[in-house]
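As written, the chain order gives the labels A, B, C, D and E, with residue 1 at the start of each chain.
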């Protein structure tokens, strides 16, 4: 049997690698190319504006910037800020995007839940399908997997059905890989390096194309070994989870709003230097007044443009 | 890429906006138009007569007005009172409406439950389908979602299947968005502004066309922040939930019967002034003697006619 | 729009009304006609002989009359007693009815359970289908719904699938509407007027064609208001539940065996005078020696013949 | 309407009755005939060799006779002992029977479980289908129903799907009707007359063709009335459960191994005299050395041949 | 009827027997042949390199050899080490194998879970399908069954669906038969001879083609009888579980890494002498530096080549 040299199996990751993969279905390649090279920074990085917080957290999240309660706010920001994509559930996608369809790529978020019940046994049911995404001209679907939840059986099984549909229809799959549930809380919490690192690997093994993660927190000693005794700085932690995601492109989330633009930009720079493919910042963008949001967006974009993939 | 001006993305809501949306399927538009402009006030507002209380609460609800136990009572009221639609489950829809089919639009309520068990883990199973609605010539389906219930996984997943069927068949979807379950009770109760405001947003993100809500109660300090410290008057609260519903048309429910006609009318006026698309009053209508019910109906209609949408 | 006069919406019920409904599918009308006018009293009343007690209660029920353990006993009684129909599960229907198929209408009971576990969370799974009923030439299917059970989600959802199949195949649906479970026990018990009245309404809202109920017991003060304080006699209670069933035809069950023929006949007379469409007596018939059972059957039939519907 | 005389509805049971039933599907008749008249005693009785104990109890069961761990042992016994059929799960059926297919009828056992968890909530999942049985040329399928288990909803519902498939494909259905679970234990235990008698009736009402039961134990006073006070001898108990099975053919199981051949034969004689159609003895056969097993098999067969059905 | 002689039913196992079985579907034979005779030792033994630990245990497992976090490491090892196959989940299979497809057989692992929640009620959901395996050109699928878990109903039922798909598509089925859950822990633990022996038999009865087991531990007296009192040496224990697997080919797992190459090789020799078809060692291979891993691989292969099947 003919064997390729070791060099032929070198590690690769990021956008260029993803697109050049021989195994990529044609439709998935077409859609990923649009996200990576036709919109946003258009250099293989991703700058996604998500808006599912109204379902996940309630209107509470919009109080700091009431105009953001109206989805036209985020749509305008996505369009004028020239994001790579806007991520919306079916309700917002159908009622707001139509007249701008084609101008801004859509990531249709398929599942979600409220935070009225606590997350001890979190599970995220789907209320839209990959076929809806095709019908709406979306360029990807988004799907939350609550990694390590006591309900992980449901989480993984339902994910598997969505993955199969993505395969069938050539639809890229962006996984919100969120450690969640009483067991992860007992092992150091959802924000720990252990939790985020595990989530990154789960996304890779489950077959995501892109994974949304949170920046891992410093270790507090409650994680399982060997994480418990790791004393890595932010950069090392970020590089670790990016490595654990393998060939899955990593987007870091912004989390709660930070009023300090410079701090936000430092985060983005840090993420990109550590190998991220991009960012998916919601509240840190659309909770700012429009001019400030657009200004910060421009600076984030400029930053991403310095990290072609 | 060509970008539309900011004005092109202005917020819009209500009937006119809904019907002018480019994304609206033709069948759904036809049915919504019938509800909004061919029946009832016929000015873009909605006056719906619901009758699912016999299933939801038992015959108990009919004791104050025994003739109302016979569905012909409500049907007569809907016809003579010229409502926009009557909302019925499959049993009543099949056994009572046929000889008046076409005269009064039907909203086929697909799911329901008894109140024999308490609502700590409320969930509402479907016993009819969107195809039943098509077969019966209905102009919309109704579907209850118990927002925030511990069973929200089932609630949302089953909702998603109904939504997809509505999409496939061009059927408008009216969501009874009801906060329910032990967790919402622990956070201030199902009637709070927090609860109703969240429910409104959930209906929008899940893709409802019309949402049925309750008027939010004054804050008692048991809700999560920032609601806990809000001190808004009734009008501000109503406007808030209407805003949170975005482009979903809001109907307010009447709840338990109020014997004071003037008070009922004040409520309707308040709801309409705060942006509601209409009302869905059941017991406040059909628990009145027929002549009184018709008289009140006429006054409600007159009021709605002053708020074209 | 043309409006029909109030008279056009008058209440109607019973067999004649059911058959004259414009909304009745042709196959369902044909089968109901056979049950109501070609067999049994043949005057729009129903006299059904049920036999599912062997599954529901075990062979225990046959001890008072051992020959009844052999289904040929009930089949002979049904044939010679000229019942409107015999109600059997698939096992008995397939193994005993064939050579008399056509002579006696069959109501195929689709679901059931043992009483080995208690009824705190009662639910009744189906083990046969509406297609089985069609294949066996049945004229209706029977389906138990445990009203108000903690498992009501399953009860109602599974019922809904059976209802849709009945619709598709033109098969009448007889609902055993049985209040059951720990919650109804905490509210006065399954036999109370509250429970039976609620069950009657549930059957109507869910879309039954015929409902099997128990005669409601006198109020003990444990039911919810307003039932708690009702002091109605047997006739008033029966009339109430018949009214709550609306256009669904009501059959009353016989319950445990009463050795006093005259008492049984008084019950039948009472039920018919209060608006019932008929009776479904099992143990009160087939636990009697054959000659006594046939004699009582003849007297019941004679009684029903005085109440044409 | 023409009525047949009472004689026309006489009770019948056993093989001849089963095969002469007008309602029997042609494929099911062909397969039952092979089992009853072409193999084994070939006189309408059944002598089935079951082998599912490795799954149900683990290799533990084979310790008394290690060669029996190899399925070729049971296959040789079935072939040389000329059994009516061998009952195997899909794994053994596919890996061992092929080269003898046609020589020995196969009953494909569709479901099973381990005994590692206790039986308080026993339920038996299927891992093969009726279509597998058709593909493998089986003459029947076997299916365990845990009668009265807290999981009886699942037990009965899943059974119903298998039954429908058997109907569709003309496949006889042998039900292992096993009382099981905490509720039956609280009512006198799975081996009681109450339990076995109920199980027999359940098998009949659910539509089995053949039922496997255990010989009921003497009453200990823990069963529900009226069983509690019955004082019947073994023969009366056996006749009772055979009667409760009605037209379903009854096979009695052998249970744990009895080293006394004469005792085993006395049991077989007793069962046949009490109306059984045959026996399904596993451990009592294949835990004996081959020559002893074959010798005992010959004596059992001789006994069955004295009871043509 | 013609009967074959006893010799015709002799026990057979291993690769040659599996391939010569008349019942083997053509596609399954083709794929098994490739695994057994075209790759790896190519003498009827199997040397499989598994990589699902990132999902099952998290990135933790890669800490001792960080390069192994990159799947190209295992792929290079599998290719250069000339393994019989590499076992991967869908994520790794799609993103890493493509350019070497055909060079190294793929076993697509269909299900998995994290170890964040404990294993008291372990169940392993599928996130890929047998059709995925066909699409990717895999030569087998892998599927974990948690033997004896309180969730065994789900485990067995879902397994059954995968088995049926394998049958339909001619795909060999490798079962990771893992005793797991609180009940097995209460009976001596997942590593006991009792547990592994039961798991081997379960794999056979459920219809696996190949089973992955762990070497059984010495008895500690906590297992059920008769295991409790067995005092067998390692060889006897291994031979026992291989016998219990019958005609299913047995692969032994390596478990946690052992730094002593000689000890690893002694294990392999022991397994092969006791009748194993091969080994599936992951961490014991890819946690070594590449040159050491390749060296050890060559020695394992040499050992397997001395045990043609």
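Note that in this section a residue touches a chain if its C-beta (ideal position, glycine included) is under 8 Å from a C-beta of that chain, and two chains touch if they have at least 3 such contacts.
It should be emphasised that the depicted structure is a prediction, and the values quoted were computed from it without experimental measurement.
Steps from subunit A to subunit E, taking the shortest chain of touch contacts, total 1.
Rounded to a multiple of 5, the Cα-based rotation taking subunit C onto subunit E is 145 degrees. Separating the CA-averaged centres of subunit A and subunit C is a span of 57 Å. Taking each chain's centre as the mean of its C-alpha atoms, subunit D lies 35 Å from subunit E. Shared contact sites, meaning residues of subunit E that touch two or more other chains, fall at 154. In terms of inter-chain touching, the protein chains here make up one closed cycle, each touching precisely two others. Round the ring, from subunit A by way of subunit B, the chains line up as A, B, C, D, E. Of all residues in subunit C, only 52, 54-55, 58-60, 63, 69-72, 75-76, 79-80, 82, 89-92, 94-100, 103, 112-114, 116-118, 123, 125-129, 132, 135, 151, 154 touch subunit D in the complex they form. Residues of subunit B that touch subunit A in their complex: 1-4, 6, 8-11, 21-23, 147-150, 152-154, 156-157, 159-160, 163-164, 167, 179, 181, 183-184, 187, 194, 197-198, 200-208, 224-227, 240, 243-244, 246-248.
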